[in-house]
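There are two complexes below, and they share subunit A, which is joined by subunit B in the first and by subunit C in the second.
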Partner chain A sequence: MLSLKVRIEMLGSNKQVWEIDVDKGTTYEKLLETIDINPETVIVIRDGFPVPIDDLVEEGEIKLLRVISGG
Partner chain B sequence: MIAGFTEEQIRRYARHIILPEVGGEGQKKLLKSKVLCVGAGGLGSPIIQYLAAAGVGTLGIIDDDVVDLSNLQRQTIHAGNLGRNKAVSAKEFVERLNPDVEVITYTEKLSPDNVRDLIKGYDMIADGTDNFPTRYLINDACVLENKPFSHGSIFRFEGQIMTIVPNEGPCYRCVFEHAPPEGMVPSCQEAGVFGVLPGLVGSIQATEIIKYLLGIGDILKGRMLYIDTLNMDFFEIKVKKNPDCPMCGKRVIDDIHPENYQESCRLW
Partner chain C sequence: MEKRVRRELRTGRLIQRGDSVAIALSGGKDSLVLTYILGKLFERAKNITLSAITVDEGIAGYRENTIPLAKKICAEFGLEHVIVSFEESFGSTLDQMMRDANKKPCTYCGVLRKYLLNKTARDLGANKLATGHNLDDEAQTILMNFIHADISKLARLIPQKTQKDMVMRIKPLRSIYEKEVVLYALVNNLKVDMEECPYSHEPIRAEIRDFLNEFEHKHPGRKYSILRSLDKLRNCLSTEFPQISLNSCKLCGEPTSGEICQACNLMREMLQK
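The block that comes next holds the complex of A and B.
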């Protein structure tokens, strides 16, 4: 199966980065599970816009925005 | 003397009045404006401080919490007021800073029962809360009542700011449809917070509110500003109205129902 190269960057202090290959047809939800991140705790950002987690992964870079509530 | 101002007001607001974007007319707008600040803690403190200094004529302040020693690392307006209600303490600060500002204090918690009535009397709302249920409550009530609000949230060294203008731009639920499951995201009490961070984020919220009231510049409507102060990294997320948003997309609710503001704030 065709695989896609994806770079994932967690926005934030510790700058976690993952570079992984995933099968074409994988959803962002599945991708997040692969790197052990609960999809309900982050928003996926692609090209500056949030994308639904049931969208199919595209090759390239995404950023993850943590859901936070402190004040 | 400029018509409509006292000598003292001309001196107090001189640096605003000489700005072409504000001027005498803008300053009068601010003096006639009413802003409700939900929370007088980390974010609320700088919001209240700068709105009062700018001469926003009426400030509502709602907070049921009391000032604790651990707050003073970042909540500078409460100096000397340990153990006092934060809304009352904030009022004392504003009275010392600017007698032009009328402060209305609410020492209760913002709740599904009082939110719609409370926000009705204000031109804009400042979200300075520290928990998901109140954030969703403010968003949903503001969309229903067509009230603009400034969203700000913080975590350790990170902050997020967005200005929500219902009907014109996306709302908080357009980005975060519901909260994460309870316990998945630590609070500032659990994870810590860099003391100066709420000063920065709250000051940006105050900037947004004052600009909105004046009708000047570009506000963070349809844009979320993300700040990482540890690496001094600023990042903008473009946000569109989400057709699946339960508030401004599908419009699945037409009133505030208490059962929607517990744990994940999911709207069924």
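The block that comes next holds the complex of A and C.
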């Protein structure tokens, strides 16, 4: 299986970075599950635009915007 | 999402012709999105007046980031914008109050903020006060009230009849997911500040939030069902827990269920120290 390199960066005050390899054909939803993040709590951003979590992962970088209650 | 907000406004008859709506605008993501949507929907409506109220609680490192965002969006839509502060109204900022407080910050902040919002909205001639509560907020609150067996409090979540001096509160975003609110801000290029209030500490709510997110992920649509359950309980709740009629506070004249309002009680307590 062809594998893709993905760099994931969590935006915000507690900045976290992951660099992982995933199989081609993986969705963002599955990708988030492998790093133990509930897709309900973040928005996936690729090239500055939000992407649906059932989109297939592409090689490169994504950013995660945490959806927190600021009031 | 705009369509769903419009539907919520229509079915709940939240905003009608002739209304003057004051928006509770902290400058956080929810109230910014609320202002943007209401501004967009009613920009050209001649018989609906919009205005905004920002309460500056005096929380260093937090409010100074959101107030400019509040000012900016009001300028964009040409809304009348009133900023009121704890310092001017009560003599000290929330930060100062917390130095010798014996209650949690959210107690002071919640009571005093609601007091100022209601009073300022009334002074502006508004008959509705719109807040940015989203579906996640509502679902969490409903479950929390169940968990604490606080059903009379649950009853207060359903839209209330208007009473003297009390501006009717409406929540146009109550059926919009928090995630959608953030997404909407992102797509519409709204600059938002995602910082959390430094005082925010509600362990039970945080647990319920995590649980709801887990559950929603496994079983999509459940946050919405929780809200709809409350809507279905509306008639039962209003029969079982009829709205109490309000008095005027003996000290400040603001509406209260007792003799002296909670804000005056807090202020007296602080002065005694």
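To be clear about the criterion, the second predicted complex is superposed on the first by the 71 of 71 C-alpha atoms of A that agree within 3 Å, B and C clash if a C-alpha of one lies under 4 Å from a C-alpha of the other, contacts with A are read in each partner's own complex, and residues count from 1 in each chain.
Throughout what follows, contacts are C-beta pairs under 8 Å (C-beta built on N, C-alpha and C of every residue); 3 or more make two chains touch, one makes a residue touch a chain.
Since the structure is predicted, the reported quantities are computational estimates derived from the model, not experimental observations.
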| item | value |
| --- | --- |
| Subunit A as common anchor, with subunit B and subunit C clashing or fitting | clash |
| First, second, both or neither for A:15, with subunit B first and subunit C second | first |
| Partner chain(s) touched by A:66 [first = subunit B, second = subunit C, both, neither] | both |
| Superposition-derived comparison: subunit B or subunit C, residues of subunit A touched | B |
| Touched partner set for A:40, first subunit B, second subunit C, both or neither | both |
| Overlapping contact positions on subunit A, where the subunit C interface meets the subunit B interface | 12-13, 38, 40-41, 43, 45, 50, 65-71 |
| Sites on subunit A touched by subunit C in the complex | 12-13, 38-41, 43, 45, 50, 65-71 |
| List of subunit A residues in touch with subunit B within their complex | 11-13, 15, 38, 40-41, 43, 45, 48-50, 52, 63, 65-71 |
| For the subunit B and subunit A complex, residues of the former touching the latter | 39, 41-44, 127-132, 135, 152-158, 160, 175-176, 179-181, 184-185, 187-188, 191, 193, 198, 224, 226, 228, 230-231, 233, 235-240, 244 |
| Partner subunit A, residues of subunit C touching it in the complex | 26, 28-30, 136-137, 178-179, 182-183, 186-187, 192-197, 200, 209, 213-214, 216-217 |
